[in-house]
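What follows is a pair of complexes built around chain A, which joins chain B in one and chain C in the other.
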Partner chain A sequence: MSLTNTALLKVENLGVRFLMKSNMLLGKKTYLYAVDDVSFEIQRGETLAIVGESGSGKTTAALAAARLVKAYTGKITLDNTDMLQIQKEKLRQARTKVQFIFQDPYSSLNPRLRAEEIVKEPLNSLTNFSSQKKQTLVNDLFAAVGLRPEQQRLFPHQFSGGQRQRIGIARALATQPELIICDEPVSALDVAVQAQILNLLRELQSKFELTYLFISHDLGVVQHMCDQIAVMYMGKIVEYADRLSLFNSPLHPYTSALLSAIPSVDQKRRENTKRILIPGDPPDPINPPKGCRFANRCPVAKDICFQKEPKLQNTKDNHRVACHLVDETAVSPLKHLL
Partner chain B sequence: MTDPLLSVKNLRIELNTRDGVAPVIDDFSFDLFPGEAISFVGESGCGKSMTALGIMGLLPEGVGKIASGSINFAGEDLSSAEQKRMRNIRGNEISMIFQEPMTSLNPVYTIGEQIAEVLRAHQGLSKQASWTKAIELLDAVRIPNPQARISDYPFQMSGGQRQRVMIAIALACEPKILIADEPTTALDVTVQAQIFDLLNDLRKQTGTAIILITHDMGAVAEMAERMIVMYAGRKVEEGPVQQVIDNAGHPYTQGLISCVPHILEKLTAKRQMLQEVPGIVPSLRDFGKDQCLFASRCQYVSEKCNNTRPTENKFSSSQTVACWLTESIQ
Partner chain C sequence: MNNTDKNIVKARHPFTEAFEMFSKNIAAVIALIVLFLIILIAIFGPTLYPVDPFDMVWMPFSPPGEEGFIFGTDYLGRDLVAMIVHGARVSIIIGLSAAFVTVFIGVSVGAMAGFYRGWVEEVLMRITEFFQVLPTLLFAMVIVALFGASLTMITIAIGAVSWTAVARITRAEFLRIRELEYVTASRASGANNFILMFGIILPNALPPIIVQAALMVGSAILFEAGLSFLGLTDPNVVSWGQVIGSNRSYLLDASFTVTIPGAAIFITVLCISLVGDGLNDALNPKLRQR
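So, the complex of A and B:
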């Protein structure tokens, strides 16, 4: 893996585990490893997407990268600062560089605060700006996200879903961050409003030279927004590649299944895509199998897949995949099924 | 051509709101033929689910009512049917599955009890027979090891399995029509694909007609033969699915299709800004006005659009569009 110094965010061997309290009585601690040995990096101005189904650990990985949940192991470097080592004032300063946009614009805004107060909150807690400077910033932010100045005095319930998400975006931009983590920013919105928000996010990205970590389960949105994509399954990254090679030549059987499951309006794609069915459910995350975690659902699993855990390895052109059945020639193990 | 199984004519559903009576469904007509799969498409608040609830006789009591129009099902007008008769039809002739498989099952009964209840109520099966049939149904919706799983409670199942149970309940009495209201919105994409496959297979086996309610054009393309695009309680476009996708007549339909970043057969490096449909669906206060309700969001708007409600016109041999400007856009 090439870890260059120009990366804004570099995450190495990140692990997040949750204690399962029910087993405390036995005196034995059982953990759920929500994120297990995950590494990724984002170059300045680029967008990395983490995709995966619910429970795959994508949100937890993002929360850990912003130090909003505790990582028990690993290293997170943001703009040459080791995020897991700093405390107090240093951490407060570092936090201005990473901001979050949440999925649900209904529950992520305090219903008792006016829109301007919501946008001002990160400035109050993370900066020492004068109130005049804060107000100027809020005015600019409202304009940047396409809200009218008189809407600053309104409460969240007076806005539509799309407008609320604009407030959430303004709040994320308030501290002039470099990295914004967008956790399913449009999945709670109506389709037509989704387009407005996605366009806004891309416009803001080029205007403020933002770097995005984009969490989504919607692969259509992901291919539109992102440069690099990491696919997660049960806490692990199983495939990591740039947008074109991931979508046009997926290597991991899980990625292939995921892509083949997307309903498409393109008649040609529907006719030419054979659906790869992955029956069953993911195994119990508290007791993950010792081999490949996808093996029990994989249509081409071999003996080795149940014995040994595959490592994320480079094939060619920086297309990384964790599968025993892919070698450096980067041929999909499902080739005969497609 | 065969007679339609369900024929809705000039349906008007009114809701009592704080600002007075609003027509959430306004002069809406469509036919559903036996074994056919059609889809209602549109944003939330456009009346898709209201239409379904109207057909099912499940409009919120005291708030919504069918003001005029008819719902003709197999020679019977459901809009004026007695509640007792509707109870007989629901679940037996017309079934519905909902968006949230988490909340539509009763958490304190096992899934077996919930499936068997339908069979006992509608088909008068004995306790024993309904239980055996329930196991068969679980097997039909591809839940592995149905004998054991039938005594599970809903919380013991995953979201996809719960939706399968819902489908088993809905199809227990082999209804003629299944209304699926956003059946996969809460599910992961691989599970969604399994549910779609299941619904398609069951439709082939049983000949049940399906009305799919969704906002996802991809799902429509995958599941339905014909689509009806709804906006603010009115039909704006109707036609065969692929034909509408390839050549939409109404600016709203065009917007719905082009505002979503689709995954096409071959991805290219080029990425464009998405075609936005500005604004949002009008509030209920504006429903029922004699104008095109999409006018405020439409880039092709002209004076006529703001003064007169557009009529439904033939757009091509099998496509109809309600827009004053259809010809000039072409």
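So, the complex of A and C:
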């Protein structure tokens, strides 16, 4: 993870907070820090996955990266443009470079618009193309995502979930973006359709040289899609490594637990891996604990874990992890359990 | 494989489906037809029945059917048919324009509050609550008494006291829809706040607002009747409420002078309610599955 200029998207020390309640008399405000000091970068043409459970802040981080949610601190550089500084026209241009694919294909398409109008929407707001050019583009996009031309006139409720997600993908491709943020693009679909959509996404990636920021809670899906993986827990990145390194030698106990939860049809693999169960729920995000945020659920937590917050540190091979129990030798603290 | 024609699905606009749903509701369809007739009477009645409702044409309190006066005459010997026909126009106009004022204020306030949240919402909703707790009839009476009893003032007075329901419904819908992913998608597509509010969220928030607006027409007619009954009305135009109000002292001697315009109001408002109910069923996707 060299800090070269080839990174398409570079996010540094990003923080997003939401106001929970404010006391006007005392001037005291309580915030929920949904994303706390998060940094990552994506090289051109690569795919970075952010994984984590519900409420870990992965979607918020992605929305903030595209300036759809306000970040209160941090720096976001997209293609050498500082995303948090630009306004109006510059922002409009930057928006053509980042597009979104959403989780729920049922709520991500405006039910009042025809399929073609949905795909044209970003073209209408972000480009000055003639209506003829727009139509040609829409025709091409429908072909690219595997929809029939006559389906352009239909309304969203006349499509199946997979087809709806294809419309969503066509919309994301419309402005010829460089970065596409896929926010759990398949988790609302059934497994057979998931495979189709994932294959389509990979096909499109090589065809249009796309860069993906892929958000998921499903490591099985991530395994097939990504080059780099960042694991988030309660608004922080706890482990950040390339795919092979992370899947073969997970260092953070949370990652190990997530990996052991991937279902498998392989009898041998099932017998060889032990499920690591993590009891309880994440602590209250409004009052996060002082030490490591995972400590109360961690099977190997020591005293220091409750006292001091671990920093994201480099171990060997650019494998970064935020855990007090991992040193330079990069041995998983759960080794004896696996 | 062999039936490619059958596989082609026809594009169906959401409103087409709502229309089909509506046409299955027989009561609502009948009400709509009756309402249509009433509107025709309001538009063409005065031309087809050119009797001045203020002319004294016959003896007072002539019962219905006598001497060719189908509905009889009132306490001044004026033709009740003429009064009903001319009054229809005023009642319908007041109903529609008051509903328009209501929807205009309500949607503006509700949309701003639901979209911007924060202090905008706080301020607007406190104002809404202020209007909600005012006694509506009394407040409307004050407005009319202060600014004069013209049709415009009556319309504004009715609008001013009844927009709160629309504002709350609009706000609730905006709060729900603004969190949906297609709104974020439009934002990512570069839509500005104006497009988001009125191009994307409002069309999807319309169904309950349409229903409320339809019901508003009925209650505005009732409201106008109430004000007229109390004498707060433009003395130069006839309305149904005014006919009731001016004849109310003779309720026991010549009850038809009150019941006939009363029935006109009753039928119109009932039809509007039935149509509103039909619209509610047709536009509410949760009921659609039943």
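Quick note on the criterion: the second predicted complex is superposed on the first by the 330 of 338 C-alpha atoms of A that agree within 3 Å, B and C clash if a C-alpha of one lies under 4 Å from a C-alpha of the other, contacts with A are read in each partner's own complex, and residues count from 1 in each chain.
Here, contacts are C-beta pairs under 8 Å (C-beta built on N, C-alpha and C of every residue); 3 or more make two chains touch, one makes a residue touch a chain.
Quick caveat, the model's predicted, so the values are computed rather than measured.
> Given the alignment on chain A, is it a clash or a fit between chain B and chain C?
Once chain A is superposed (C-alpha atoms), there is room for both chain B and chain C without a clash.
> Could you say whether A:P122 touches chain B, chain C, both of them, or neither, answering first, second, both or neither?
Second partner only.
> Looking at chain A, does chain C or chain B touch more of its residues?
With both complexes superposed on chain A, more residues of chain A are touched by B.
> Considering only touches as defined above, state whether A:E89 meets chain B (first), chain C (second), both or neither.
A:E89 contacts neither chain B nor chain C.
> If we overlay the two complexes on their shared chain A, which of chain B and chain C does A:D190 touch? Say first, second, both or neither.
First partner only, chain B.
> With the superposition applied, I'd like the minimum CA-CA separation between chain B and chain C in Å.
It is 8 Å, taken between the nearest C-alpha atoms.
> For chain C, which residues are in contact with chain A within the complex?
Per the touch definition, chain C meets chain A at residues 8-9, 11-14, 180-182, 184-191, 195, 200, 203-204.
> Of all residues in chain B, which touch chain A in the complex?
For this pair, the touching residues of chain B are 43-44, 144, 158, 160, 188-194, 196-197, 215-219, 221-223, 242, 245-246, 255-257, 259-269, 271, 273-278, 280-281.
> Contact residues on chain A for chain B in the complex?
Checking each residue of chain A against chain B gives 53-54, 160, 162, 190-196, 198-199, 202, 217, 219-221, 223-225, 243-244, 247-248, 257-270, 272-273, 275, 277-281.
> Could you list, by residue number, the parts of chain A that touch chain C in their complex?
So the residues of chain A touching chain C come out as 63, 66, 68, 92, 95-96, 98-100, 102-104, 107-112, 114, 121-122, 124-126, 150-151, 153-155, 157-158, 168, 171, 175.
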